[in-house]
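Next up: the structures, one after another.
Both complexes shown next keep chain A, but they swap its partner, so chain B is in the first and chain C is in the second.
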Partner chain A sequence: MYKIIYVVFYSIFLFVVASLGLYLLFTNQGFRFDVGNVLTNISPYAFATTGIGLAMAFSVVGAAWGIFTTGSSIMGAGVITPRIYSKNLVSIIFCEAVAIYGIIISIVMSNYLKYFDPNLLSDSMMAQNIFAGYALFGAGLTTGLSNLACGICVGIVGSGAAIADAANPNLFVKVTLLNNCINFPWLNATLGQHSKQVQATQVFYVIL
Partner chain B sequence: MGDIYDMFFNMDSGYLEGLVRGFKNGILNKEDYRHLTQCDTLEDLKLHLQGTGYGHFLANEPSPLTVSVIDEKLREKLVVEFEYLRNHAYKDLATFLDFIKYSYMIDNIILLITGTLHQRQLSELLPKCHPLGIFDQMETVTIANTTADLYNAILVDSPLAPFFKECISEEDLNEMNIEIIRNTLYKAYLEAFYDWCQRTGGPTADVMCEILAFEADRRSIIITINSFGTELSKEDRAKLYPRRGKLFPDGLIELSKADEYESVKRVSELYAEYRPLFDGTGNNPGDKTLEDKFFEHEVTLNVNSFMQQFQYGVFYSYVKLKEQECRNIIWIAECIAQRHRAKIDSYIPIM
Partner chain C sequence: MIKCFLTLFLVSLVSCNEFVPYLTWTNIEGLSCKRPIQFHGMNIQHITNEHYKKCLAPGKPNKLIIFLADQLTVEDFTYFGRNEESFEKTKNFIKSDSSSLTASVKPIQDLKSIQSYLPGADVEVVKLKIDRSTFDSLTTSIQQMDDIVWKKLNNIGGKYVAVLTTDTTYSVLGSPAERHVRIRRQSEADNKTSDILIKGPCVFMKYSAIMLTIDVKRHVMVPDSNSTQVGNCTDGNNTLILSLKSKDDASIKAKVRMDFIMKKFKTSAMDWWFLSSVTVDYNQFNQKNTVVSLKSRTFRDIISAPKNWSLVCGAPPNMTRIFAKIQDGTNLHLEFTGLQVQPFGVVNNTFGRALDCEGWFTIGIWTGLIVTLLLVTILTLGLCMIAQITTMDRFDDPKGKQLSIPQQE
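Presenting the complex of A and B:
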């Protein structure tokens, strides 16, 4: 039943978009469809702050996801074998760390925002500032999404670690080592990507 | 996107999965069975069971202990655990656990009808029913005379209603019919369960469809072997085969034409998984019977289902493994009680 509603809405939307486009085309007003104008007129601050917000938001979602995945397994397995509770907190701390990284990155990124007056800038300088806005957006999005994936993965592995620990205490260390291995490539990806983009913005921001 | 089950499974069922795996870790292993087989009396057995996960479950029973009391108490532990799981389950897991219950409900209905045919009182029969299969309309089953009555008056509101489609007829219930009803119900149940697991998809489908396919094939083979020498015609027999196993469709056609044990063996040996089950079985003392081999294979499949995480198969496997353990302990207890220790090692080892 819901499928029909989706199909109806989607087809109405497609029809409206298509008819608007064709109208512009046939009345020789094609120039009005200007993507570049839209992008350059959105303030670079909007892009930059969205990126910063996404960095923190997605990281926290990833961390929360990981925590509930691993936490519910620890609770279940811990009913019969209560000794696993203390050791398996380490898995939850791994997930928590993901959220902290997200916050740190967004604080560091927000320090790069500085004031500029658009009227006093030449066109090429303005172009560089607009690029800086996009760069911060990209950095924030990348950081956020990679933290999201990392949080989910660490949660899934942590849940397996809890269950393995309940069955055989020797397994916990081995599985947690695996958890560490997830963290390092991700950390490289996030921070490396971020720092590359941030260096780009540092060159281009102009203070007036 | 095939891996989304890992991400969302723990939302609803993470705690219960961890709990079931904890239960499974308490299943008796080889050491425990060795201690049990060395017991001399049932009191010894009770003492050894106290050291395992069962604890003091026989503490309040008056001595002398009998095997039926032990049986009842063992089953009670499984029932308590299962009811806890069922009460905490949500959506999909609740449906899954209900499916597990339906097979016990079918057994209970057949027990009650058979008992009524033999003029037993309801009060005698109710304690023999399996506690996991109790449902509201169960007690009124005894008043029905034909399957049409049974369905229209009683079972139409019960959870078993969808499984009754193929068995409704106007004939009176008698000995022969009842077995056919049981097998037809079970066939409909197995097919519905298999289809549900298939639709759920992901690791649940991988694990459960394997187990249920074996169950379907096992029933087809057992029905065929048991029907040699009875008045069950080949067409009727073919209608009882569940159509979800590896033997479907070609093997089932061959099985329905089979006349003796050798032809059944020939058909099954065409399938790689079933060939080793038929090797080395026989009725000589010292050989394993075919049923034993089937039980062993089922135990292997159920233990393997614990290797996958984030799927519902662990709940089904736990129930089956616990049942097998109960059967093992009762076998050992019977051997001890009757002082006939020759075959005491014929239990099926689990872990």
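Presenting the complex of A and C:
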């Protein structure tokens, strides 16, 4: 039943888009399909703030996913061996740290937003401001997606750690060390990527 | 009160078309009759027999005053007089009296015959003229008519019965449909303001208004003398020079020079014309002329259209030159309203196909759509994922051994 609803909506959407396109084509108004005009005229603040929001949002989703995986494993294994509860909390903390990284990055990015008056800037400065908006969007998106992946991975490893700990207490430390190793390269990747893009934006939001 | 005018309004919708308004009221107090029924299409006999003879005559009024307004119709109350102040005093009379009547009747020629139903009353007929030449004069005359009615009735001593109607016949007034068409045409004619049209040799431009804001003061500009044009029409470079002066203060003058260029653009592989520069040469209070070049980013991409097209823009964004510090110069904003311009390729002295500066979706709508799409996508994915979380049933075996939980740490 749901399939029919999807098919109907999709076909209506396709029909509208196709007829709009053909109308523009056949009435000699093809130039009105203007992607460049839209992308240069959308305020850079829109994209920059979307990037900031995505940085935080995706990071939190990744953290939540990881905690979900780890938490259910700890609960399951802890039914038989309740001693694992206290030690395996550190796996949950690793996941939570991913969310904290996302928040920190978005706060840092939001400090780069400054006021500018388009009428006072030259063309090249305005172009750089538009670029800065897209750069912040890219930085936020990258940060968010990489945090998402990291959170999932940390969660899976933490879940393995809980089950290993329940089987044999000596295994916990070794598996947690592995968790650390995941975090470190990821952290480098995220912050490095972010800082490169941030350097690009730093100069260009000017008041004057 | 609303019911009275609602009755009259409904009359105007119905196509029984030979009735005119008939308002009557009195200042006799202590009448024992109920408020008479009022409906459209009443016969005047009904009013005179039922209302005057049986209800008002026992009160022994001294005077019967008949106000005959010129070509009074229902629309005078419902459309022209819909302002709160029009007919205010007449409304007060009708509101205050329980035996007042608002009806619509067939117009009768001999209104003095009503007098026979009110014995003992002196008849006085007052003719009121209404000037219907323009909408403003009509509203003014309606108010004046109201004042005359009020003054007359205030100065009368004793008991009176007043009537407000018209003696013009239906053939002059026309059917309601004809009257409505007349009203519509009249209001359109009164609301139309003149656009300034420049039918130059090369550049054709039309605009409703130009406003020039010097620093913070906004001046409405009107043409000072005829505009001039520079350039032959075919080499891709046309210039229009407008000579303007301020409407309120003739000492503020400005010459606006607009340069249009036609160029082939590689990306769209088409020829486009655009406004490449605007220079304003103004002086105010007879001081030295100041020449300012406006920032091209404020108009270059907006006042632009393909070859042989014209551009229509109801409210183009202001063309500005602003400075960060006050000492660097005076801020200038040039604002057009209702602009249509075609600087190249005008055929037959009329504007070519028009491109609207405001597309179907504005930039704000696009931004909103993109962000909403992103949000809805993420939300949908998230909800779908959450919906498929289940508990593990791998070890569920209804026939197998039950789980034993040892009671130890």
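Couple of notes before you dig in:
Going forward, the second predicted complex is superposed on the first by the 208 of 208 C-alpha atoms of A that agree within 3 Å, B and C clash if a C-alpha of one lies under 4 Å from a C-alpha of the other, contacts with A are read in each partner's own complex, and residues count from 1 in each chain.
We take it that a contact is a pair of C-beta atoms (placed from the backbone, for glycine too) under 8 Å apart; a residue touches a chain by one contact, two chains touch by 3 or more.
All values derive from a computational prediction rather than experimental measurement.
Touch criterion not met for A:180: it reaches neither chain B nor chain C. Contacts of A:32 after superposition on the shared chain: chain C is touched, whereas chain B is not. Once chain A of one complex is fitted onto chain A of the other, the partner contacts of A:160 are limited to chain B, with no touch recorded for chain C. In the superposed model, A:79 makes contact with both chain B and chain C. In the superposed model, A:152 makes contact with chain B only, not with chain C.
Once the two complexes are overlaid on the shared chain, A:19 sits clear of chain B and of chain C alike. When both complexes are overlaid on chain A, the residue A:11 reaches neither chain B nor chain C. On chain A, the patch touched by chain B and the patch touched by chain C overlap at residues 76, 79-80. The touching residues of chain A, counted against chain B in their complex, run 65, 68-69, 71-81, 152, 155-156, 159-160, 162-163, 166-167. For chain B in complex with chain A, the touching residues are 6-7, 10-11, 14-23, 25-26, 309.
In the complex of the two chains, the chain A residues touching chain C come out as 31-32, 36-38, 41-43, 46, 50, 57, 61, 76, 79-80, 82-83, 117-120, 123, 126, 208.
If you check the complex, the residues on chain C that touch chain A are 267-268, 270, 295, 297-298, 301, 306, 320, 322-324, 359, 363, 366-367, 370-371, 374, 378, 382, 392, 405-406, 409.
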